[in-house]
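Next up: some structures, all given as structure tokens.
Below, chain A partners chain B and then partners chain C, in two separate complexes.
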Partner chain A sequence: MSLAYYPGCTLKTRARNLEEPAVASMEALGLKLDEVPRWNCCGAVYSLADDDLIHQVAPVRNLIRVKKQGKSELVTLCAFCLNTLKRANLLMKQDVAKRDTLNDFIDEGIDYGGEVKVLHLLEVLRDRIGWEALSRKVKLPLHGLRAAPYYGCTLLRPREIAIDNVENPTVLGDFLRALGAGPVDFPESTRCCGSYQVVSSPGDIAEYARPILNSALSHGAEALVLTCPLCDYNLGRGQKELIKKGSGFKEMPLIYFTQLLALALGLGPQACHFELNHGGPESLLKEKNLLPQTRSVQLIEG
Partner chain B sequence: MTKKASVTISPKKSRREFIKKVKELSGQNLQLCYQCGMCTGNCPAAANMDVSPRRIIELARLGLEEEIAGSRTVWVCASCLACAVNCPRGFDLARVMEAIRLLTLRKNVDRVRPEDIPPQERGDLPQIAMVSGLRKLTG
Partner chain C sequence: MSAKQTKKKSAATAVKHRAKETAATAVKEKKQIAARLIPIYIMGKRYEVPEGLTIMKAMEYAGYILIRGCGCRGGTCGACGTFYRKPGDYKLQVALACQKTVEPDMYIAQIPFFPANRAAYDFAGLTAAPEEVFKLYPELFRCVACNSCTKACPQGIEVMDAISALKQGNITVAAQLSFDCIQCGLCTSRCFGELAQYHMFQLARRIYGARIIPRAEHLAGIVKAVNEGKYDRFLDELKGTKEAELKKLYQEREIEPMAAGEDWKPKDSRYL
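On to the complex of A and B.
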């Protein structure tokens, strides 16, 4: 079985460590992620201005291409893309005047009315595969790993596109439990990492990271589990600056949920591209015996 | 640090025009707000703002464009929507922040210039950071 899949720009370059383990894992689970042909950038952020329709064109065009493929669902992995595509879809479903204007403007040959359902990969794992079935597929349980699920903003806000309960999300914790890890809940798991403010005010990013990292550490976390490439960048950069300033805490490994999925399914570290992580998790994973055989060892043996 | 300022209300035409524009762009009814401060309490960037999120709403509905334009608050907002999901009145402050930003950006006044970002950093930043940053902070 295959699902239409939208990767987005960052997953093809800086965040291949989010995408590649996901694609390999889903194949191992019997669900092929089928990339949408000729996808374009979704625009990364949803426009909040009532008179701004031009910025809805990019996400809507992607959704039209999914409809043209004859698919009714679209899976995303990047938290920013999920947010932008799902909100644009909702606009096309709910606002008749804006829908008509966009349909008249976009030259794709067919009208679109929000027919495609936009999903995040975590929803597919939760609602299609199910935690019990997933746990039965685990070959290397992540026993002993105290990992804190960090949701950030865009999977949960605004309310109408949230993939889980806005105040008390559990999907990442349930996912970790299915893989055998011990999820560590902490109160700052949905606090913003600073997002695109890193472009205009990079000096402020460490102070966005501080309460998140402090909270996770004080609740006993050994690593933060992420879904978003910008969270990885900001928290990684922020903590490096805090350590340099002498904040007193050591580096917290940052790891994508898809990397843990690939490891637990027995696909090995070669599927994970840990070299691209902004907070290296390899020494922690080694300590927990979760890196059975690295590529370099294989090469030496070969 | 929050700036304290006294507020006077006057029937100036320019003030009414500002209120009208903010309402049109944001689609929000500024009168809904009852100044409880949940937005400020939940804002992860409030410590970096000189005018609190709650106060932005109050200044906007009084039409005090100069006070708002002189503050860094709307430029510090990262549209994380912690204010919107916690507002007991269903008010979306992020849309008001965007409307106020656009009133400046649409005069071709940019908040960031890509050429000012060091080349090394431009190479390191994830694309979603560059695209969203430039979308939100340039016209």
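On to the complex of A and C.
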């Protein structure tokens, strides 16, 4: 079985460590990710101005391409792409006047009315495969890894597009538990990383990261688990700034959820591109005996 | 067409008009042409021109002397990008003036030049990393996927897809999709995000050609053989051949068949 899949630009460049382990893992789970032909940028950020329809063109064009592909569902990996695509889809469903204007302008010879269902890969794992079935596929349980699920904003806000309970999300924690890790809940797990604010105020990047990293550390986390390349960029850069400022804390590895999935499914570090990560997760994973080329790592056969 | 009409100048397209004398000749020539005359509008002014002419020829027939906005006249130089519309159709159409034949009631405006900044770079220092393009043309990310560029391309290039490929760091796809680009600039003139697509594509093709596609390893061997004088004797033989004999050799030369396979060899293999 295959699912239409939207990667997003960053996943093809800086965040290959988010995409490649996901593609390999889903293949191993028997659900092929089928890349949408001729996709373009998701729009990068959802435009909040009511009359700014030109910035809805990019996400809607992608959704039209999915419909043309003959698929009714679209899977995304990047939390920001999910957000822009899902919100633009909602607009096409709910606002008839804007829908007509956009369809006319986009000129793809197809009337689109929000028919495609936009999903995040975590939803596919939760609702299609299920945590129990996933845990049965695990070949290298992530025992002993104290990883803190960090949601950021765009998986959960606004409420209409949230993939989980907005106030008390559990999907990432449940995912980590299915892989055998011990998720570390912390109160700042849905606090904003700074998003694109850091473009206009680059000096604030460390102050956005500080409360998130402090909270995760003080709750005993050894690593932060992410779903978004922008969170990775902001927290990774912010953390480096904090260390430079002499804040006294040790750099915490930032790991994409898909990298842990690939590791747990026994696909090995070669599927994970750890060299692109902030905070060098390899030494932590080695310490936890989670890198198969290190001594005594045993994969569960079956 | 009166002489008074032809005297009117237009600064916008950098064209000059013929002198009175030339205009008179043109009128005389017109009488000799049997073709039907059709109305077209050049920059809003009506002219009657023989059907079957290209837009460029029609402009010249109407009295324009093209100093800019014409080059190869063969559809490859990109100097004569043209927009036109026809009454009753909101669609803006594009063409190369040297290729497209006139149609009745076309409203024509040539865009011989459109401002577009080309980034300066030292190519020797450039790698094949996607960030090279991002750094030189950061406005790449202003693309809103409106697709106006694709609609404006007289070469039928999927311009927006090639821009998307660059954003996705795929220089190879951008270079391949834009291979037929003649840098006419019509895409740039229509861009909502104010991108200079054709300059970005040129950079992509340069990086692709020099850093991505595999080198032709056998070429070095051939160059070496040439330098070592392997072919000197054959050239000397040719130089000493009489004209009639040369012609005969040329006419009887063996030509590689269109559908020849990789292992095709000429019957006379002396020069291999």
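In the analysis below, the second predicted complex is superposed on the first by the 293 of 302 C-alpha atoms of A that agree within 3 Å, B and C clash if a C-alpha of one lies under 4 Å from a C-alpha of the other, contacts with A are read in each partner's own complex, and residues count from 1 in each chain.
In this section, a residue touches a chain if its C-beta (ideal position, glycine included) is under 8 Å from a C-beta of that chain, and two chains touch if they have at least 3 such contacts.
Predicted model, so just to flag it, every value in this text is computed and none were measured.
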Chain C versus chain B on the shared chain A, clash or fit after superposition: fit
Touched partner set for A:D107, first chain B, second chain C, both or neither: second
Which superposed partner A:T13 touches (first chain B, second chain C, both, neither): both
Touching partner for A:E132 - first (chain B), second (chain C), both, neither: neither
First (chain B), second (chain C), both or neither touched by A:A44: both
Included angle at chain A between vectors to chain C and chain B, based on C-alpha centres and rounded to the nearest 10 degrees: 80
Partner chain(s) touched by A:R61 [first = chain B, second = chain C, both, neither]: second
First (chain B), second (chain C), both or neither touched by A:V199: first
Touched partner set for A:E275, first chain B, second chain C, both or neither: neither
Per-residue touch tally on chain A - higher for chain B or for chain C: B
Which superposed partner A:R159 touches (first chain B, second chain C, both, neither): first
Smallest separation of CA atoms, chain C relative to chain B, angstrom: 5
Contact residues of chain A, present in both the chain B and the chain C interface: 9, 13, 41, 43-44, 55
In the complex with chain C, residue positions of chain A that touch it: 7, 9, 12-13, 38-41, 43-44, 54-55, 57-58, 61, 105-107
Residues of chain B that touch chain A when the two form their complex: 24-27, 44-45, 47-48, 75-76, 78-82, 84-85, 92, 94-95, 98-99, 102, 111-112, 117, 121, 124-137
Residues of chain C defined as touching chain A within the complex: 130-131, 141, 143-147, 151, 158, 160-161, 164, 167-170, 192
Residues of chain A that touch chain B when the two form their complex: 8-10, 13-15, 41, 43-45, 47-52, 55, 78, 80-81, 153, 156-159, 166, 190-192, 194-202, 204, 207-208, 211, 229-230, 232-233
